[in-house]
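In what follows, chain A forms one complex with chain B and a second complex with chain C.
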Partner chain A sequence: MMALDLSQNKHTDVSFEEKERLFDEVKSDSRWDFVLNGCYECGICVAACPSARFYDFSPRVIAQAVAREDADLVYTLMSDSIWDCSQCFSCDRCPRQNSPGQIITIMREVAVKNGLQTAKKALEGYGRIIYKIMSTGSQVSPDMLQPDAFPDWGTHVYEIAENLEVWRKALPPETLHTTETGWKIDKKTIIELYLIWHMTGVMDLIEGVDEGLFMILVDVMEERLEEAGYDDITFD
Partner chain B sequence: MAHENIKGCIILQDLHYSVKDNTWIRAEGDIVTIGMTDIAQSLAGPILHAKTKSVGTVRKKGRPIATVESGKWVGPVKSPVTGEIIEVNEGLASDAQLINRSPYRDGWVVKMKANNLDAEMNELTTADEAVEAYRQKIEADGIECSHIDDTDTYD
Partner chain C sequence: MIHLPITKASDRHFKIDPNDAPVADLREELFQLEKEGELEVIRVPDNHVELMTKYGRMKKIPIDKTWHHKSCGQCGHIPGYSTSIFWLNRQFGLDYYDPTDQTSCTAWNYYASATSNPEAQAAVAVRNFAAAHEVGYFPLIHCGTSFGHYKEVRHALIHQHDLRRKVKKIMERLGKKLVLPEEIVHYSEWVLAMKDRIAERQVIDMSNITATVHPACHYHKLIEEDAIYDSEIYGAQRTAIVTGTLEALGINVADYSTWFDCCGFGFRHILVSRDFSRSFSVQRKIEVMKEEVNPDVTVTHDTGCVTTLDQSQFAGRAHDKKVGIPVMADSQMAALAMGAHPYKVLQLHWHNTDNKPFLRKIGIDVDKVWGEFQAECDKIKSGEKNFMTWEDADN
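Right after this comes the complex of A and B.
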C-alpha cells in the first residue's frame, strides 16, 4: 500500500522507520516528561498564540500529534510548521500544563541535530547573526540595519544605514563606537566561548546545518585559539 | 568581450567557473585571479565586508579564501584551486561593493600561485559549457540577477 504523503511536496519524504527514529529521539529528551500531559482541546493555546494569528499554525496540532504518537504527522510538522512558532511560550497557560512551545523546542533541536533540509532552510536567514555572535562574542551588529535586511523599518532605515558610522560615534560610551560589533569583547571571554562551543558540540551542529558558515567560523576560531596558545585544538 | 546574459546574470565566456561555488578564475601561467560571479553577488545583495585571507596563506581547493558579509548573508568564497595567496584586492577593505559593481574586473578577490592547475582546471567549466551549466542552475533555482548603481556593463 502506498503511504499517505502528508508533505504536500514541501519537503523530502522519508521512510516510516526514519520518522519513528526521529520521533523516538524527540521522546527520549530529558525534558519530554515535563511538556506533555494530554490535551482536551480547549484551544486556549491557540487563542494565546501570536503565530496562529498570522500563519497556518496551531500549537494544539503539535500537542495532539505527539500525544497520538502519529510519527507521520510529527515528521510533517517537524519539516514545516514548527518553524512558524515564535517561541514566546504564551501557550504555557495550558490548563493541563502542556507546553507546545517546549515540545517544539525539542523537535527543532532534533531537526537541527539530524540536519533536516527544512532546518537548514529555516536557519539560512540567521547565518550572519550566528556568525556575528559566535565570531565576535558580541551581540548582533549595528551594520545589520540595511534596507534589504530590515525593510520593515521603512524608509528610515536608508538614513540609518547610510550614516551609521556617524550615529554610532554620537553615542557617549566609547565601547559602542563600532559598527561591525555591538561592543568590544574581552579576549579572555571570547577564547572561553570558542572553547565551550568546541567542547559542547555546537560546532558539530553548525557543520551539519551550514557547511559554509562552519568553515568561516573555524577559520576565525582556529586562528585566535592558536594565538592564545591552544594550537592543539582543531574542529575538523 | 564575449558574454551571455541569462535573466540579467552576466557570464563571461573566457573565464573558468566553479558553478557549484559560484566562483571564477582567470589564469595566466600558474597565477590565477579569483572572484565571485555576477550570480553570487546578486544572491548576496549589497556587500558590506569582504575579508580576504592574508598573503602567504596556503589553501586547498574548496577552502575559504575570503569571508563576505552582506546585510542578510555571510559566507565563504571557496578557492577553486589549490595554492598560495600572493596578492589580495586591497580595495575591498574600504569598498566591498566593488564585488557588486564589478564582479569580473575591479572586484576580484585574491590572486593565487596554483600548485596543481592543470588537473584542477579540468574540474572547472568554461565557454559554452559554463553558460549552459549556469542556464540550468538559474532556471532550477529561480535566480534573477540584480545590480546596484554604477555596475559594469558589457557590450
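Right after this comes the complex of A and C.
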C-alpha cells in the first residue's frame, strides 16, 4: 500500500493561489453549509470507514483539512485521497453532523470540473461506464456480463454470456427483455435525458475531463436529438 | 459525586418521541412550498400503511398504484430481484406500473466519478418523479442508492431556492412540472409493510433457516431519519428493514459484529478497483458472518450489496477464505416463501455463490425446478415461444 504523503511540498508545481482558487470553489458549493460543522477529532468517522481499513485514507484528515482551511493540504487530498472514498456515508455518524463523504463528493466534482490530471487518471478505464449511463440512461447492462470484463467473478460469467439472449427472454417482465440496457427505455425519455445533460453543463464537464469520450457522446446525441427535432441545442 | 443507578442493557428501554427529533419533519416544509406555488407534491395513495421511522415520525408506505423506479444493477445483472417485486404485486392483485419512461437515477455514476452536478442530478430525479405523476402512480424506488440519493435531492430542493429555480426552468423546457413525492419510499419498505399478508400466504416453512442481514448504507445512513425502525427489532437501535420481514417469515435472524460495515461496493471500486470490493466484502462481511453465525443465507435490499456480497465470494474461495453464503434480496425471500419458482421468478441462475444447499434445506427439489426452467428456455430457443410469460412462470 502506498503511504499517503501529506507533506505540503508535494505539489510545488501548482501555485498557492491556484490551490486557494480550487478550495474556494469547493466552499462555494451550495451544499457546503450542510456538510461541515467543525471537527472534534474523535475519529468516529475513521472507525466506521471501509476505505480507511484498506487504504491510507482518513475521513478525519479530510474534515480537518477543510475545517482548518489548509488549501495546500486540501489540494494534496484532492489530488489523491478523495478517490479512495467508498461513498457509503458511514462517516455520517459524526457527532458534529459533518459529512466527510459529502465533502469528498464536492471535492471530486471540483477536481473533475477543473480537469485535474489526477482526476483524469482516477477515471481511466471508467469512460465506458460514463458512456453507458449518459447515452443509454441505464448504468449497467446485461451485455456487460462478459468474462473479459469480470474475470474475478468466475466461470459463472461465461455461462451467463453464453445464454444471455435466451435468459433475458426467460424473464417474465417484458421490460427486461433487453440486453444493451437494464430495461426498455423510451426514445422520448432518452432525449429528455440528453437535454438535461446539455442544460446542466454536464457535457462541458465531460469535454474537460475526457475529450475523446465527449466527441463520441456528441455524435450519438446529436443524431438522436436532430431526429427528435432539436436542431439547436444551445441553452441559456 | 452523584452515582446514577446502574441498569442492565437488556432492561433499558428507549422511548421514541417525534417531538424530540433532532431534525424537522421535511413534509411540513414540502407542503408549505406547495402552498407558495413553488412545486407540486405527489401524494401517497389512500391505500397505504404507516411505519415508524428513526425518530418516531410515521411514514406512509403505498400499497398499490406504485410506479416502479427500476435499478440499473438489479435489472442488468440480477434481474430476479425486480422480477420478484413484480411477482409479489401480481400475487396480491395490486395495481402497479412498470414504466419505460424511466431513466436511472444516475447516482451510481455520480458517486463513482463525479461527472455530473447537483442540477443534473436533481433534474434527472424530478423528470422521473414527473413521469410517475403524469400517469397517476406513486414512485416506489427499487435501488438503495437511488432511494438515498433521491432523499438527498429532495432535501436539497426544499432547502436551496436557487437549485429549485434552476430545476424548475429545466422542467419547463421539458414540458414538465417540478414535482416531489410526499414520501421517498424504498421497495423493501413496501415488502415490510406487506409482511403479514406475505406470511399469511407462506407455503414454504423457513423456521429451520438462519439468516444474516446486511442493511444497505444508502438506505439508513443518508437522511437517516427517513429509515424504518421498530421498537421490537433491535430495540429500535438499528433499522428494522429486512429483519422485520424475515422474522415474519419465521426465519431466525442472527446478529454479527460487522453489521454496520458497508458491503464493499464503493461505486467506482466495484467497476475499476475491484480488489478493494472483493477484499472488504469477503474479509469484513462474509468471513465474519461465517465465523460468528454460519448462516444459511444472507439477505439484503440493494443492487450493489447483493452483487458485491455474492460475486466477491468466487475470488474468496480461490484464496481458501471462509465463504459460501448465498446472497438474496428480501423480495426474493418473500416470493420464495410464497412459493415462487426459484429460477423462473427468483432467477437464481444469475447469482454466483452456490444457493442449492439452501434451497434443498427448505425442501426444494433443485434438479426438478432447474429442469422446468430449462424446458422454458428450450421453447424459446426452438422458436416455440418468444419469451416466458407470467403465466409460464407460475406453472
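Structure notes:
In the analysis below, the second predicted complex is superposed on the first by the 218 of 236 C-alpha atoms of A that agree within 3 Å, B and C clash if a C-alpha of one lies under 4 Å from a C-alpha of the other, contacts with A are read in each partner's own complex, and residues count from 1 in each chain.
FYI, a contact is a pair of C-beta atoms (placed from the backbone, for glycine too) under 8 Å apart; a residue touches a chain by one contact, two chains touch by 3 or more.
Being a predicted model, the structure only gives us computed values, none of them experimental.
Applying the stated contact rule after C-alpha superposition, one finds that A:M144 touches each of chain B and chain C. Shared-chain residue A:I133: touches chain C; no touch with chain B.
With both structures placed on the common chain, the touch criterion links A:G125 to chain B and to chain C.
In the superposition on chain A, A:T105 makes contact with chain C only, while chain B stays out of contact range.
Applying the stated contact rule after C-alpha superposition, one finds that A:Q117 touches neither chain B nor chain C.
Once chain A of one complex is fitted onto chain A of the other, the partner contacts of A:G212 are limited to chain B, with no touch recorded for chain C. Of the two partner chains, chain C is the only one touched by A:I185; chain B is not. Residues 125, 144, 150 of chain A touch chain B in one complex and chain C in the other. Within the complex, the chain C residues that touch chain A are 70-77, 79, 82-83, 86-87, 98-104, 106, 108-120, 123-124, 127, 131, 148, 156, 159-160, 162-163, 166, 170, 173-174, 217-218, 221-222, 224, 260-262, 264-269, 271-272, 274, 276, 278-280, 284, 311, 314-315, 344-345, 347, 349-350, 352, 373, 376-377, 380-381, 386-390, 392-393. Of all the residues in chain A, the ones that touch chain B in their complex are 125, 127-128, 131-132, 143-144, 146-150, 180, 212-213, 215-216, 219-220. Chain B contributes residues 45-46, 48-49, 53, 63-64, 67, 69-76, 78 to its touches with chain A in the complex.
Residues of chain A that touch chain C in their complex: 30-31, 34, 48, 50-51, 53-55, 83, 86-90, 92-93, 105, 108-109, 111-113, 119, 122-126, 129-130, 133, 137-142, 144-145, 150, 152-154, 156, 159-160, 163, 166-177, 181-186, 188-190, 192-193, 195-197, 199-202, 205-206, 209, 235.
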